[in-house]
Amino acid sequence: MTEEKRRAVGVSMWKLTWRRFRKNKLAMTGLVILCIIIAIAILAPVIAPYSPVEQHLEDRLQPPSSKYLFGTDELGRDILSRVLYGTQIALRVGVLVALISAAIGVTLGLISGYYGGIVDEVLMRIVDIVWSFPSLILALAIVSILGPGLINAMVAIALTMWASYARIVRGETLSVREELYIEAARAIGESDIRILFSYILPNVMSSILVLITYNIPSAIIVAASLSFLGLGAQPPTPDWGLMLSTARTYLTIAPWYSIFPGVAIMITVLAFNFIGDGLRDAIQPERVS
Amino acid sequence: MVRSDLVVVEDLRKYFPIRAGLFKAKGAFVHAVDGVSLTIKRGETFGLAGESGCGKSTFARLLLRLIEPTGGKVLFDGVDIFSLGKKELKKVRKRMGIVFQDPKSSLNPRMTIYNILKRPLEIHGIGSSKEEKLNMVLEILEKVGLGEEHLNRYPHELSGGQQQRVSIARAIITKPDFVALDEPTSALDISVQAQILNLLVKLQREFKLTYLFITHNLMVMQYVSDRVGIMYLGKVVEVLNTREELNMGKVYHPYTAFLMLSTPAVDIRERGRNKIIVPGEVPSPINPPPGCRFHPRCPFAKEKCRRKEPPVMEIRKGHYVACHFPSITEEKLTPYVEERMESIRKLWRGES
Amino acid sequence: MKKYIIRKIFSFIICILAVTLFSFSLLHLIPGDPVRYILGEFATEEQYQKLKHQLGLDKPIHIQFIDWLANIILRGDFGKSLVKNVPVRELISERIVYTLQLTGTAWLIAFALGIPLGIAAAIYKQTAVDYTVMGLAAFLMSMPYFWLGLVLMLIFGVMLKVLPISGIGDWRNVILPSLTLGLPQVAVIARLMRANMLDVLDKDYVMTAKAKGLSNTLVVFKHALRNALIPIVTYMFLQIPWLFGGAVVTETVFAWPGMGRLLIISILQRDYPTVQALVFLIGTLTVIANFAADLVYAFIDPRVRVTGEGA
Amino acid sequence: MNDGTLLKIEDLYINFRTDEGIAKVIDGVSLDIKYGEVLALMGETGCGKSTVAKSILRLLPKNAEVRGKILFKGTNILDLPESELRKIRGKEIGMIFQDPLTALNPVFIVGNQISEMFKIHKLRIKKTILDEVVELLKNVRMPDPQRRYYSYPFELSGGMRQRAMIAMMLAGRPSLLIADEPTSALDVTIQAQILKLIMDLRNDYNMSILLITHDPGVVAEMADRIVIMYAGQIAEVGPVRDIFLNPQHPYTKGLLRALPLGHKEERELENIPGRVPNLIEPPPGCRFHPRCPHAMEKCKKEKPKPVVVSNEHFVFCHLLRGG
Amino acid sequence: MVSRTLVGVIAAVIIIIAIAAGIAGYYATRPPATTTPTTSPSPTSTTPTATTPATTTPTATTPTATTPAVEKVLVIGYTRPPDTLDPQKSTWVDITTDIVFARLVNIDSEGNIITGLAESWKISDGGKVITFHLRKGIKDAFGNPITAEDFKFDFERFIAPETASPSAPLVVGTLKEVKVIDDYTVQFIFEEPYGPILSMLATMPSAGIYSEEYFKKVGDVEFGTKPAATGPYYVVEWVRGSHIDYAVNPNYKREYYPDSVIENEGPPYIKKLRFRIITEPFTLVSEFKAGNVHVLLDVPPEYYKELKNDPKVTMIPFLEYTLHYVGFNCQKYPFNDTRVRQAIAYAIDRKPIIEAALEGLAVPIYGPLVPSMIGYSEKVEEYAKQKYQYNLEKAKELLAEAGWVDRDGDGILEDRNGNKFEFELWISTGELEAPKVAQIIQSQLAKIGIKVKIRQVEESAFTDLVSKGKHQAYLFRYGLMDAQILFYMFHSKKGVKRMFFYRSDLDAALEKMGSTIDPKERQKYIEEAEKILIDGCPMVPLYARKIFVAYRNDVVEGIKVNPYTQSLYFNDAKLKG
């Protein structure tokens, strides 16, 4: 029997999830939007009418026109192009932050939940504190040490966000640990590491995935706030948060300047949130009944 | 030399500490298994019956060393399994299997049946090639009544009965000597229960397996086991032969008797007869009663029962009872049990 | 119970120490120090070293930490702000009222709006009500909150002129900043509440309540609500530390003299004593809030015995 | 009503809209419960017995579509407005559930949950509410009823919870008690206690009981009449003696022979091969036919009509109509 | 049961405390409900106590959009939250303390040094001794008489090491001691003559005079929160992070600052001032447009056009004495090569920077000094301007000479070892226009094949890291009323570490400049130092901003600005309506 044939027979939980997900209109809308956003990110160099850093100092703060569809910013750069290029950055920030924080949080959560005892106690206290410590301040301190910049901002945000993963993964691990198949695995002689990563991890993966989809948008928003404080992306990066932060001075003078990046953030965040909701409902169908 | 006793359990104990807050609280323990000694003979089905919380599942997990004991010994084929290192334990585990109550929870939902069954082979290095392993998996699947078409399914796509068959297959794929069956049919419907019981009997004969069969259902017990131990609050109160004693109603511990009398009779001709129902409920295993643990519910309890723990007596060859006054049971309860069992037997014979 | 509390307190103290030590080292790792800030642009190296010594900042970090801690424990003294030349306690107590005004109102808004909206969405699941509430929540959650603040200010303060634009004053001044802070939380809480409520409405005891003949209102508001509120109330308490430092951006936009801004300014000035005191305060609050959440959880959910699992 | 029928279900069809499609869970069920009678609804997992029970009190979730008639004392419950329905719930018809822990509200003390019944239905009370509740608790033989009034459900054992649940449903002195697997979650010794309690209360309170269970043992001990269900259809109806001693439907027969009443050395248990069908695309005709050893062409096409075996004993099987 | 009840009680207490705290917070900060009469509490000889804020709270603490004209308080929008209002301790001295402290001497609107609290003065011993003859009958806001002893106290505190005053060396140079000759004569004795002494004493609030008695009464801390002294106003209340309230000093006389443009002989007409601290420009301008803020000290350039067209807004322009420049780390490759630095100076075009980043509201600067600084020379500026006219060809030439050529044709220059010409340009966070300027420079330098990476560094880290030489190049500013700034910026020993541009001839010129009192002679040394800086090119001067003070002419009239000191005169200002 070939591998392909085998695949064709079984319907995995993931496939079932996808089937349910597909029926959720809002989630599918989110997915379609996300696909468009990804396409824009990839195609930005092709579809953007200008370079995102090209200055037209004579055309500063122009309202939307046929020349500049979204208008221009304070240095005469085309806002449309910057918004289009900004998708690359937003996605990178969101996804990387979510992945870094997931990697930290999931590992610690698994260990905490599986081993329990004093390890769990210590880890959870740390989580408690990181979780409720104002994340912006932690991020600020980290950025101050590492220096501002997109990468450092991402690291900083990730370092504040891992706690929620750790918490949820720990909780899930605690409940999965009680499942009989874990005991069965031990009974057939599986090692702890193997149990952690081949048995528990795949079963908490769905929750992690949901969390990641929720985390991506909040990472985008927090990164935007850091840019607001001058600690995030550095100019002339076409970062939406940075654009929004600069645009705030021109809120009444050049409203289009803040509207377009603002709306771009909102759409992206909404898309991820819709997907997250859909995913959660698809993974826990009992909730939708 | 082949020992006739495959598993020897000596004074096995397991107390679970009750967790509170940051550190473990001292003093409060759940006395799940509290000094159990028994032997399981090669090739037999040893049934362990009792109500929920009596420690029978803990007992099974201790036999496979899935949890560490508080005290006591388990000799598996002469080897004390609690003294083993990781590697040796793995070797012994190859010779043991376990099947749990809840078929759904027993199988990793993210693994295909093939992968679930392949893992024990990989862990224990059975079968050299992929091909060989696949064949072994197919073979065992066939033995438990499933087929190639199930190979790449996920557990959720199977019915409860089928899931339990996979669990059984996983337990016996390493060709073990001993399988612990922890309420393997309790979550199943009657018709499926029958299928699984038949399968288990068939497999036992074919592979010469030794079973520890745990259940709270005395009807299942009387069908499947060769010898039965009755547990109450962490202790074994009676060990007896199934066909000659249990099924004939010859029981000497009041708890065993009450248990049998409480089980609803399927025989409607039994209806209306005076039912004897044991009062009260099982006390908390955190602070088990002193003396005989059954005394608060026992209508025949005397002062001695409250103070002194009854020793295990061999009342007949191979029939052990832990009761100060087995004669009272024999006099007051055993006749009813016998009568009831007789009536059920009639039904069984009549239908067959 | 007594043992439990002692144990908790013990672990809290360790926690707070860990947090402060962590922030202490973190702060000293950041380039820049208060000496340079105090001396300003034209300080010479000589001046710098002199003041550094004068302020005791040339001592090893661990000694500084122990000194600082000893001061708190022995004298209850948080020290004096290096930069502002004012006792730290005064700096904090000045701002605490404004902070509470702003974040407390935001907190109230968040729960006062979030809970009923969540309940409504759950009861009228998959109706216009549900979609409206959830749509609103999605909208609020996806809006970067500094932008939300500016937009609110633009609409209500500048264009409609119905509310003050910024600054402190009477109750009307609190509205916009607390909305900025509270509305995204409304979204979070409404969603949480809806999910909890739906969960609970699926429970057997809700069916029992119906089978008893209770009206829908009573089923929802007596039997379901109390259960669904349990995680929300816990969440309420866990949010308390956030009340003290989480409003930096909003405070900046609305020129609000809150603690968040004090913390940021103090970090930027490397005003170690102030930052340390604030971190200490927030850390302590965090720990207390966690404890309170545990207690409240135990109180409203009889299943959790205090002597049993914490939360 | 003068024929002694308390509840009559006529041609009940229930569908559930699910993500996967429409599940036809109940397919034309008709039955009746007489005054003072214990009717057992027996079948395996997924046969729809609980759905029928819940439909009587209209407790099904919103995605259920119910057709047919449920006549309680002559009134169709399915047509009643909410306010009228609430008067029946708890007052006329009580219901207890399988898992008394989840069926009791965890955050209220037991006493409150019981006394609530007096308020909802504005029941006449002779003494204080506390005394009324304590008396109810005494009636269900709750040990230490005074203290238990103030207990939270989690502080009670499984048996006590079920007693509390029963006490709650007795407050309105209902004429029908629906017991949905009342003892499945309990240990045998406790099960025996609760079953006996229910039987005693039935006499004291003069109730009819609709007993939902999968356990033939429980049925044999409790029921006057049995309805055997399979996959949303009724297989066989009849007095308990007739069903147990003279089962006609292949499914009933198989079920009874699958019971392990003796020892494995004596004989093998009877198997019903196959598994319960998917109700989104149920087998046409008799839903049992794919598993039936005697299935005929007709079984695949036509839904069997009831065949009278004897007085009150009906079988829904084509085999028996000159098969 | 008992434990549960206990838990309940604790929980309830926590909730109640939380709610109570919220309510208390609300009431504690609520203004008193009654409208107190607007007559000022006219402090006499008693010092105000810290415990009576309610009576000194200005009447209308509720700036609302609807009733701006009715208010009796002049509200001034202000962007930088002060750390302390004790000017001797503050790093940042500005109008918030300028109006509180009168000084020995002053500079009038024509730029002349005029009398102040000193009626006359005499410089002797080659500038090592200055004798001030003081006015008689000076009183502070609370009526404490000010005599020579107070002057001595003030300045000795100023130079005491414990005070750690950041501005002391800058203001008074090497002041050694202050001698009281009699009640109305003090003598300042210096170790070495200090060139800019008079202009510093005239402009820096830290040289302001206060009563020793008052200081000792309130103590060091409160003096920094509620200073009251000899200036036209004193501080009544400071709600940190929100606002500072001032009341008029009833004892103020015009003779303390006898500028001819000031007409009012007595204390200012406006009894109460409020400085509102609003850091967010949009918020600040919105409040100004709404009429809740009446004076903007520095109109953000973005809003200039909009406000200029508003008939209700009057704007007073002046040129700030701050130079914005690009500084190099002259000891770090590649900027250790003068040609490279000069090339960049040629490649930067100031015009688009000023037009785009500053809305045209700045003047281009080529030399190290700004026209509003004392010691500025048009001649030198012209020299620098000619030397560094925007010239890309010249820039490329110089770079090629230094070995920077685009060797691989990617548009970026490489040195002989193939290293790309890429550097980090640091900008300080908090400077709103810095990112814009930096980005324009970035695009300008791209034209000659230099790749610039912009990095925002938060200010404290910025000064620290730069002083340690971690930077390559940065965009920043320096500013002082006097050319003495050059000494502090460039002296190899006594200056700050910024550009690491050390020359012995420069040091010599700067030292002479510092110790020369005679303006003409001093000017020579200033220009000498300037020339070295222009030729050595450790930095590229960019511009000085034109600043606009804007006020709402429907609310207030008569606000004046001294273009030299950039002090605001509220003396003649009156509220309308």
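The first chain written gets the first letter, and so on, giving A, B, C, D and E; residue counts start at 1 in each chain.
The working rule: a contact is a pair of C-beta atoms (placed from the backbone, for glycine too) under 8 Å apart; a residue touches a chain by one contact, two chains touch by 3 or more.
Being a predicted model, the structure only gives us computed values, none of them experimental.
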Report summary line: Min route length, chain touch network, chain A to chain C, equals 1
Query - Separation of chain D from chain B in steps, with touching chains one step apart - result: 1
Report task. Identify the chain pair joined by the greatest number of C-beta pairs in contact. Result -> C-E
Query raised in the report: Among the chains, which one keeps its Cα centre farthest from the Cα centre of chain D?
Result: E
Requested in this report: Find the geometric centre of each of chain D and chain E from their Cα atoms only, then give the gap between the two centres in Å, rounded to an integer.
Outcome: 86
Report task. Mind checking the centre-to-centre distance between chain B and chain C? Centres are C-alpha means, answer in whole Å. Result -> 53
**Report entry** Shared-contact residues (touching 2 or more other chains) in chain A
**Finding:** 121, 144, 229, 248, 251-252, 289
Report summary line: Residue numbers in chain B touching two or more further chains are 22
Query raised in the report: Given the complex with chain D, which residues does chain C contribute to the contact?
Result: 203-205, 207-216, 218, 223, 226-227, 230, 300-303
**Report entry** Contacting residues of chain E [partner chain C, same complex]
**Finding:** 3-4, 6-8, 10-11, 14, 18, 21-22, 24-26, 28-31, 61-66, 81, 83-84, 86, 89, 91-92, 161-162, 164, 166-167, 169-170, 220-221, 224-225, 239-243, 276-280, 282-283, 286-287, 289-290, 292, 458-465, 467, 478, 488-489, 493-497
Report task. Give every residue of chain C touching chain A within the complex, in rising order. Result -> 11, 14-15, 18-19, 23, 26-27, 29-31, 138-139, 141-147, 150, 154, 158, 195, 198-199, 202, 238, 241-242, 245-246, 248-249, 260, 263-264, 267, 282-283, 286-287, 289-290
Query raised in the report: Which bits of chain B are touching chain D when the two form their complex?
Result: 51-52, 159-162, 189-195, 197-198, 201, 216-220, 222-224, 242-243, 247, 258-259, 261-268, 270-271, 275, 277-282, 344-345, 347-349, 351-352
Requested in this report: State the interface residues of chain C toward chain E in the complex, per the touch definition above.
Outcome: 1, 30-33, 36-45, 47, 50-51, 54, 83-87, 91, 94-101, 104-105, 108, 150, 153-154, 157-158, 161, 164-174, 237, 240, 251-258, 261-262, 265, 268-270, 292, 295-296, 298-299, 302, 306-307
